[in-house]
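Pasting the structures here.
The following pair of complexes shares a single chain, subunit A, combined with subunit B in the former and subunit C in the latter.
Up next is the complex of A and B:
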């Protein structure tokens, strides 16, 4: 499912999740705080290289994941760049919409749009450093150590496990319906989809019953405790934080000087 | 003025349908919000999440099974949001599931489950993001479910047929989610009207589709699983 498959294959799989979380959040925040396109691109590049060289992910895989939010970010940037303009305003390019309304791009809007786009791509890339190298189970252990309420972490772990059960069920039902032409036309699709959703829901409830019976018969008293496995400490990741943050700051400063 | 808005909306719609975006339009992507807004939305969410958390804690203390059932419901919400529902113009989109969730599990529990589901979506599927988690939780796990639940309870009390109540609860919950998302983006970049017109034109058909789907789901559930539904209300 998504990034998860690759997280288990990562070379950083056995490294303590805490430094991975710290590094990922540090550069993520750095990218979001600095209003600079170049710092965003720097973050994008450095997280990409970290994923490829220390995480051992294929560049194609990381590239594929970076493409996922691309469409939405492009639309978001486009609505910032392309705006209705007053008649007299200066613009790089402008056109008349249906002969009456003036739309166009101003230098200022273009800069803002580019900055938002690059900043967001940097942030996404930083998040991928966490999610492509840390399986969800390790993340839950780390959250428990960070004193996130126990009930919340347990719900997370259970939901994570059940997602796979239910999406399997949903996929099977979908294939069965589709192979019997269940998705021909709008009315029929609605009917099939409704049946699918309600059946998956019923299965979820019944499965929940059975899981609870199984837990109870093995002495479940209200919480699932597991021991964390031994991790490699990964201190070098902490050391990398100030280096990358400084890199972002320097690039931001240069961009400022170059622009003014 | 009115005509200029509709024409503007039509132009934006044409541009958008060319790029055929709707898969992750409901989530605000990572990095789209500046830091003060991102953390501001998180702060707004805290009381709701805390209230939801304590209500779940109470339920779990009463009955240990509630935890497993709630987790199943959360996983169900994740799987639901990954499905593609058919829409009127032949396009497809993902249901938000806020209406169904709010009616089945109540709005407060939905908030906590929604938070976890959105976290997984951000990390596993890159829908949404970590810094924008607060804004997304507010639109999808707080406003959507509360609107849905309010509409559902209100129409039921007014004596409407349950199919009608379910339809409007799901459709309006879905729509309000989008409206809140456009406001969240519009406030920052000062282009409400554009976001709203994009969302209005692409999302109204989808909201209707989600409403219809939820009614179908409800009919099946009512027919085959009265017992489970009753158990859930105890939950």
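Up next is the complex of A and C:
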């Protein structure tokens, strides 16, 4: 499912999740806080290289995941770049909308749009460094160690485990209904979908009972404490944090000087 | 042969008044596989949950290694450590998406030190042949692999009795013999008592040292598989049947009047009987 499948193939799979979280959030913060397109691009590039060379992910795979937010970000940036303008404003390009409203692009807006776009792409790629190299279960282990409330983490883990089973059950019910023409026509589709949802709820409820009995028989006393397999410490990721943050800062100042 | 677990006059009634178990007496020895046969709804699962302390019997007594079991709340962890249950559907038992962490759960609950937990997890994984699966998420495993991981998750508590509910259900023929071979190996290497519920009659003569027939919450019959197969009517009354081979022997003896051993229930035993008959003819 999604990035998780690739996280299990990552070369950094056995590295302690904590430094991976710290590094991705550090460079994410850098990309978001510094108002600079170049720093965003620098983050994008370094996260990409980390994914490919340290994580061993194929460039095509990383590229594919980067394309997902691309459309949203492009549309978002476009609304910043292209705006209604007052009649007298200087513009790189402008035109009349329906002959009445003046719309166009100014240098200021272009720079702002570009900056927002690059910062967002940098931030997204920083998150991909985490999610393409850290399986969900390791993330939960790390959250627990970072003192996120236990109840929250346990729920997250159980949901992640059972969502596969429930979606499987839903798919089977759907096939069973569909094969008996349960989805011919709007009325019948609505009826079948309702039956499907209530069946999935019932099954989840029953499974919950059985899971609880199974947990009890293995000595469950109210908390799902387990021992993760031993991790490689991954201290070099911590060392990378100040290096990349310094890189972002240097590039930010360099862009400032070049623009002024 | 030491008695690992023994029940006397065990009774359990559900809250809605259904009598699930009445006056159940049975025992399982260390180093043996004990089969519990019974149709759906005969009370097998209820019996197992009683032995493991998830349910508390209303009457009778359970003895573990000769000692009476206490069902007081503070004594339950001790009971659950000794009596492990492998549930029918491994998806009910594996709660974690991480194989290693799921197996460690029981050992962590025993309050063991980290090094000891790790040693036990490694050993349980090696015994059940799932060491290579530690890098996979639970939902990527096959049904048979999940079953093995579930068994490892129970072995990690080092129980003296391991109960398996329908261990062969849902497996392909290859998976069935794999799991049963694993159980036989655990029986011989760890000398634990293995109790398995099944209605797959063909595996009974091959893998069970002793069998009980559970019928509507009562123990209807007990003995070696051969003794049980001597009463096919009792099996049929309980929605069970003879193993295919034993059925063939029954027909050859009853309808065709051959003087053949009706207790021959495995391919090996049947082969010996047929060869003996052929030799007598000549």
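Note that the second predicted complex is superposed on the first by the 218 of 260 C-alpha atoms of A that agree within 3 Å, B and C clash if a C-alpha of one lies under 4 Å from a C-alpha of the other, contacts with A are read in each partner's own complex, and residues count from 1 in each chain.
The definition used in the following text is that a residue touches a chain if its C-beta (ideal position, glycine included) is under 8 Å from a C-beta of that chain, and two chains touch if they have at least 3 such contacts.
Please read all numbers here as calculations on a predicted model, not as lab measurements.
Novice: In the overlaid three-chain picture, which partner chain does A:148 touch, first (subunit B) or second (subunit C), both, or neither?
Specialist: In the superposed model, A:148 contacts neither subunit B nor subunit C.
Novice: Which partner chains sit in contact with A:207 here, subunit B, subunit C, both or neither? Use first/second/both/neither.
Specialist: Both: A:207 reaches subunit B and subunit C.
Novice: Could you look at A:135 and tell me whether it touches subunit B, subunit C, both or neither (first, second, both, neither)?
Specialist: In the superposed model, A:135 contacts subunit C only, not subunit B.
Novice: Figure out whether A:217 sits in contact with subunit B (first) or subunit C (second), or with both, or with neither.
Specialist: Only subunit C is touched by A:217; subunit B is not.
Novice: Just to be sure I read the superposition right, which of the two partners does A:181 touch: subunit B = first, subunit C = second, or both, or neither?
Specialist: neither
Novice: I'd like to know which partner A:158 touches here: subunit B for first, subunit C for second, both or neither.
Specialist: both
Novice: Quick check for you: in the superposed arrangement, does A:8 touch first (subunit B), second (subunit C), both or neither?
Specialist: second
Novice: When the two structures are overlaid on chain A, which partner does A:225 contact: first (subunit B), second (subunit C), both, or neither?
Specialist: After superposing on A, A:225 lies in contact with subunit C but is clear of subunit B.
Novice: Quick one: name whichever of subunit B and subunit C touches more residues of subunit A.
Specialist: Tallying touched residues of subunit A, the top partner is B.
Novice: Do any residues of subunit A touch both subunit B and subunit C, and if so, which are they?
Specialist: On subunit A, the overlap between the subunit B and subunit C contacts is residues 4, 136, 158, 160-161, 165, 207, 211, 215-216, 220-221.
Novice: Can you tell me which positions in subunit A touch subunit B when the two form their complex?
Specialist: Residues of subunit A touching subunit B: 1-4, 25, 28-29, 31-33, 35, 40, 65, 68-69, 71-76, 78-80, 83-84, 97-98, 100-101, 103, 112, 116, 119-124, 127-128, 130-131, 136, 139, 149, 151-152, 154-156, 158-163, 165-167, 170, 183, 186, 189-191, 193-202, 204-209, 211-212, 215-216, 220-222.
Novice: In the complex of these two chains, what residues of subunit A are touching subunit C?
Specialist: The touching residues are 4, 8, 13, 135-138, 141, 157-158, 160-161, 164-165, 207, 210-211, 213-221, 224-230.
Novice: Under the touch definition given earlier, write down the residues of subunit B that touch subunit A in their complex.
Specialist: 4, 7-8, 11-12, 15-16, 19, 21, 23-25, 27, 29-32, 34-35, 38, 53, 56-57, 60, 64-65, 67-76, 78-80, 82-83, 85-86, 88, 100, 104, 112-113, 116-117, 119-120, 122-127, 129-131, 185, 189, 191, 194-195, 198, 209, 212-213, 215-221, 224-225, 228, 231-232
Novice: Hey, which residues of subunit C end up touching subunit A in the complex?
Specialist: Touching subunit A: residues 49, 52-54, 77, 80-81, 84-85, 87, 89, 91-98, 100-102, 104-110, 114, 117-118, 121, 134-140, 153-154, 157 of subunit C.
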